[in-house]
Amino acid sequence: MHNSPIATANHEAHENPALLHHFATEEQQKNAASLGMWIFLVTEIMFFGGMFCAYLVYRYWYFGDFGTASSSLDLTLGTVNTVVLICSSLTVAMAVRCAQVGKQKAIVVYLLLTIVLGLAFLGIKAIEYKQKFDENHVPGLAGFHLEGHIPRHPDIPVNQQHAQIYFSLYFAMTGMHALHMIIGVGLFTYLAYKASKGVYRPGYYTPLENGGLYWHFVDIVWIYLFPLLYLIDRHP
Amino acid sequence: MANNVDALYIFLLVVSALMSLAIFTMVVFFAVRYRKQAGRSAEQIDGSHALEITWSVIPFCVFMVFFGWGAALYFKERKPPENSAEVYTVAKQWMWKFEHMEGQREINELHVPVGRDVKMIMTSQDVIHSFFVPAFRIKQDVLPGRYTVAWFHATKPGTYHLFCAEYCGTLHSGMVGSVVVMEPKDYQAWLGGGGNQPLAVTGQRLFSELGCVTCHRSDTQGRGPNLAGLFSKPVLLEDGRTVAADENYLRESILTPAAKIVSGFKPIMPTFQGQISDEQLNALVAYVKSLGQQSDATGGRGIAAATSQP
Amino acid sequence: MATAVLETGERETYLNKEYGIKSWLLTVDHKRIALLYLMGITFFFFIGGFFALLIRLELLTPAGDLVQADTYNKLFTMHGQVMIFFFLIPAVPAVLGNFLIPIMIGAKDLAFPRINLLSWYIYIIGGMLMLYTILNGGVDTGWTFYVPLSTEFLKTQVVTAALAVFISGFSSILTGLNFIVTIHRMRAPGMTWNRLPLFVWAHYATSIIQVLGTPVVAIAIALVALERVFHLGIFNPSLGGDPLLFQHLFWFYSHPAVYIMILPGMGIISEIVCCFSRKRIFGYKAMALALVGIAVVGFLVWAHHMFVAGISLYAALIFSILSYFVAVPSAIKVFNWTSTMYKGSITYQTPMLYAFGFIGLFTMGGLTGLFLAALGVDVHVTDTYFVVAHFHYIMVGGMVMAYLGGMHFWWPKISGRMYPEGWGRLAALLVFAGFNLTFFPQFILGYLGMPRRYWDYSHSPEFQILNVLSTAGATILAVGYLLPMVYFLWSMRYGKPAPDNPWNAAGLEWTIPSPPSTFNFDEQPVVTWEAYNYDEIEKEVPVAQ
Amino acid sequence: MSEHISPVKLYVTIWLALLVGTGLTVYAATVDLGAFNPIVALAIATTKAVLVVLFFMHVKYAHERLTKMVIVTAIFFFLILLGLSMADYGTRLWT
C-alpha cells in the first residue's frame, strides 16, 4: 500500500541525536510513535469497554434502582469536574501547539496548568468519594444503605442490592478513570520537566503529542462517564 | 433424546472421518508421490480461485447442515414438554438435593419413572454447578440466584450416572449421584413409601404462614394480584412491559417484589430475600404453579381454607 | 560489504558482540530479547508440563489416591494458567515472531525496542507472581476464574494469580502493539503487503487480537480481584449480579486467545511447507485473507463456550452459526497447505515432519470443533474430556507442533548451529505418537461422559482403561519434549556450524549470516521478489546438496 | 503526524462548544424526554468526543487513513462486545 516507508540508508540522518538507530528517517520514527500511541488507545477503549458492557447490562436490568443511586451523586461536583477536565484538554492542546510554533516557555506554563487542573479533578473526586463513605454508599462495607425510592415511584423503595451493583460500577469505573488521571499527572510532570529543558521544538515534539493524545482520551472517557453515571433519570 | 443426539453425533463423526481421510490421504499421497527425486523439480502453481471457492463453499454448506440439525436438537433439549413431572433441585457444594412434587426428598439420588417426561427446575445455593446425565445426553448449568431448567425422558429402567460437570471446588468430583429409572408401578410404590406432604401443599402452608394470603386473595379485592391461573400467562407490568410468568418470574417476584410490579398494584410487598430458604422458595413456586393448573375456583378454595390458620 | 570481525577472528554476531549478564538484561536487540523469552517460556513450559504429568498420574487409577482433592484442583488450575498465559500465548510471537519479524521485513529492529524489553520484564514480573502463587499454596479456581467460586468461596491465592494473569496481559498487549507498528512502519523498500511472508501476516492478525482482546480479560479479572478484596458486587448473584457476565467478558478474550496461539503456528507451517516442497504457497492471497478473517470472525463466537451456561436460546443460535463461519477460513488453510505439496519436490527434514503432524492434528482438532459448535451435541460433550481433547489437539497438537517445527527450522539462524537431524526426526515422531496416544482416548472418554476436572472417578471404573492409555501417551510425549531441549542445548556447543541458508529457503532471514549481526542487515535490503520465490531459487541452484 | 498547526481561535471555539455541550447535557437530564433521555445524553457525549478526537487530537488533519481506521476498528469491536452480549441479555426472556 501507499504507506510503505521509503527508507534509505541515509547516514547523515544518523547524526541527529533524536533519531534512534533503527529508523531510517525522522518521519518514519514519528509515524511509528504516533501509530503506536493510537493502538495503545485502542487497548484502552477495550479496557474501559469491558466495564461499559457490564454497566449496560445492569442498567438495562435495574434501570429504576440505577436512577435512584445516580441521583444520590453530587451533580454540582460532577459538573464542575467535567468543566475542569474540558479546560485541561484545552491547555494540553495549547501546550502541543506551543511546541509546534516553538514557544518553549509557554509549553511549560500550559503543562503546569494541565497538572493543576488534573490535581483539581482528583481532589474533587476525593471529596465525592469521601461523601459516599460518609453516606454509607460504599458497596461491600457493612451498613451500606441508600435511602430513597425509584424515580417517579414514591412507593417503590430502592433495592439495596441493585444499588450496590450501581455503586460497585461507579467506584470501579471512576476509580479506573482516576487511576488513569494519576498516571497522566505523573506523565505530564515528566513532560513538563523535559519541556523546561527545552527538549520540545517545532521539529520534535512527539512525546508531548502522544502524552496529549493520552490525556484527551482520558477526558473522553469522562465525557461518557459523566452522563452515564451522574445523569440517569434525573428529571422529575 | 439420547438417540437423536447420537444420530447427529454419528453423522458428524462420519463426515469428519471422511474429511480427515481425504486430507490425510492427500497429504500422504503427495508426500510420497512428489518426494524429491533426481531429474524432477517442483512445478510452480500459484493457486486457483475456483478450487479455493469450491473448498470454501462445499464445507460451508455441510457446516450449515450441522448447524441446522444441532440447533433443532438444542431447541428440543431446552424446551420441556408440557405436563412433565417436575423435580425441584437445589445444588450445593457438594451435593444434589431433589424434591418431587409428591413431597419426596432425596439427596444425590433421583428416582424417576420410565417413559415420563421429567423437568428439572434447578438452582444453586452457592457456586455454579452443572446437572449432567451422560446416558440422557443432557447437561445444564445450575446457577445461584435463578432457576435453570432441563428435562429428559428415560426409556429404559436402570441406574445412571449423575455428574456435576461445572467445576465447583474441592469435592467437585464427589458431587456425583445416580438417576434411578423405575417401572411406573415400582415408582408408585417408591413414592408411596414416605407419607410425605406434596410440595404444593407445603407451599400452601407457607403461603399462609408467611402472610402472603392476606394480600394475594382469590377475589379482586386483594392488595396483591390474584395468583390463580397465573403461571405461564403473560403479565402486564406497571411500566408497560409484558413478561411471561415463568418460574424465574415467580422467584424474582417473591425475592425482589419491586422489580416487576403488576399493572394496577402498589409495590407494597416486602422482600423475602434472605428470609426463606431455597427449599421454601421452591415450595412456594410449586404452590403458585399449582394454582395455575387447577380451576380458579379450586385455587380460591385452597386459599380460603388456608386463611383459617393464624 | 564490511562485516565486522572480532579480535578472535570470529565474525561479529548478535550473540558474541557483548558478553555478560548486563548485556543481556539491558539489551534492546529483538533477537536477544527473543532468547530471553525463550528461556522464560521454556521454564514455564516445563513447570506446566510437570503439573500435567502429575494430573495424568493421579488419573491412572480411578480413586483419588496420589494427591488430595484440593491439590488436584490446584494442579489442573495452575497447569492451565501457566501453560496458557505463560507459555502458549507468548511462545511463538515473543520468541520466533520477535526474532524473525524485523528480519523478514528487512528492518533493523522492532519499532519500539525498549518497549519490547519492557514487555519481557512485564512478562517476567507476571511470571514471578505466578511462581509466588504456586509456592505460596497455589490457586484452584480453574484457569477460567469463574465467579462466584473465585470471588467468594475459595480460600487460595486467587488475587495473586489474577494479578499475575493481569500483568502478563500487558506484556502480550505491548508485544502485539509493537508488531503492528513494526509491520506498518518498518518494512523495507519494495516489501509490499502482498510480498510479506505469511508468517508476518499471521503475526499481524495475532497482534490485532492481542491488542483488542487482552484488555477485556484484564478488566474482567481485575473486577474479580476487586470483588474479592473490596467486596464490590458486579458479578455477585446475591446482589442480583450475573455470574454469566463474567463469562461473557472472559470468553470475549479467551476464545480469540485460542487464535493468538494457533495463528502464528499457521504462519510457521506455511513457511515450512513451502520450503520443503520447494514451492510457492498455493493461493497466497486466500491464505493471508484467511488469517485476518479468522482473527476478526474469531471475535464473534465467544459464547459457544456457554451453550449450557444459561444464556438465551436465541443468543446460542447466533453464536453457533458464527462459529461455523470461522471454520471456513480454517478449512481453506488446510486445503491450501495440502495443495502446496502437490507437484512439489518434497523432503522429510524434521521441520517438515512437524508440519505433517500439524496438518493432521489441526485437522482433527478443527473437525471436533464442529461437534462442539453443533448445539445439540455440545450440550452432551461440553465440560467433558471431549472438550479437553479438542482444545489440546488445537493448542498442543497444533500450536506446539508448529512451535517445535519453527524452532527446528530457524534454529540454525538463531544459534548458528545445526541440530542433529536424526534425533530431530525421532523426537518429532515421538511427539506425534505420544500426543495421539494421550489425547485421542480422551475424545472417547468425553463422549462416554467423563466430566473434566475430576480428581476421583471411582464411581465409574469403566473410564480407567482409556485413562491408562492417556497417561502412557503422556510419558512418551514428555520424552518427545525433553529430547529437543537436550539436543538444542547440545548443538549450541557441538552442533555443526550452520550455513547462512541451510534449507535453501526463500525469505530475507536466509539472506543474512547465521547467526545474524546486531543490526541484521549491513545495507538496507530492497525487495524485488514475491514471497516464496522458490521458482527463482530452484533455478539459481539447480540441485541443492 | 500533524504538521498542521491549528489557530488558537479554533481551540477556544472547540473548548466553548464542549462547555456548552456539558451544560446542555445537564439541562437535558432534567427534562422528561422519556426513552430519549439516554439517547440525547449519549448523542451529546458522542458529539463532544468527536470534537475532541477531530480537533484536539488532530485526527481531522491526519495525512493517512490509517489513524481513522484504527479508531473505527476499536469502536467496531467495542460495539461487537456490547452487541453480542446484549444478544444474550436482550433475548433471555423470549420464549
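Labels for the chains are A, B, C and D, by order of writing; each one numbers its residues from 1.
The rule we apply is simple: a residue touches a chain if its C-beta (ideal position, glycine included) is under 8 Å from a C-beta of that chain, and two chains touch if they have at least 3 such contacts.
Computed from a prediction, not measured in an experiment: that's the story for all the values here.
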Of all chains shown, smallest offset between own Cα centre and global Cα centre goes to C
Check: interface with higher C-beta contact count, B-D vs A-D, is A-D
Cα centroid separation, chain B vs chain D, in Å, comes to 42
Averaging C-alpha coordinates per chain, one finds the centres of chain A and chain D separated by a number of Å equal to 14
Here the gap between chain A and chain B, centre to centre from mean Cα coordinates and rounded to Å, is 44
When centres are defined as mean Cα positions, the distance from chain C to chain D in whole Å is 37
Chain C residues touching 2+ other chains are 184, 212, 216, 238, 240, 244-245, 248, 252, 313
Multi-chain touching residues of chain D, meaning two or more other chains, are 66, 73-74, 77, 81, 85, 89-90
Note: chain A residues in touch with at least two other chains are 3, 31, 35, 39, 42, 46, 49-50, 53, 57, 61-62, 159, 161
Contact graph of the chains (line, ring, star, complete, other): complete
Listed in rising order, the residues of chain D that touch chain A in the complex are 1-2, 5-6, 8, 11-12, 14-15, 18-19, 22, 25-26, 29-33, 37-38, 41-42, 44-45, 48-49, 52-53, 55-57, 64, 66-67, 70-71, 73-75, 77-78, 81-82, 85-86, 89-90
The residues of chain D that touch chain C in their complex are 66, 73-74, 77, 80-81, 84-85, 87-92, 94
Note: in the complex, chain C contacts chain D through residues 184, 208, 212, 216, 244-245, 248, 252, 299-300, 302-303, 311-315, 318-319
Listed in rising order, the residues of chain D that touch chain B in the complex are 93, 95
Within their complex, chain A touches chain B through residues 62, 150, 153, 155-157, 159, 161
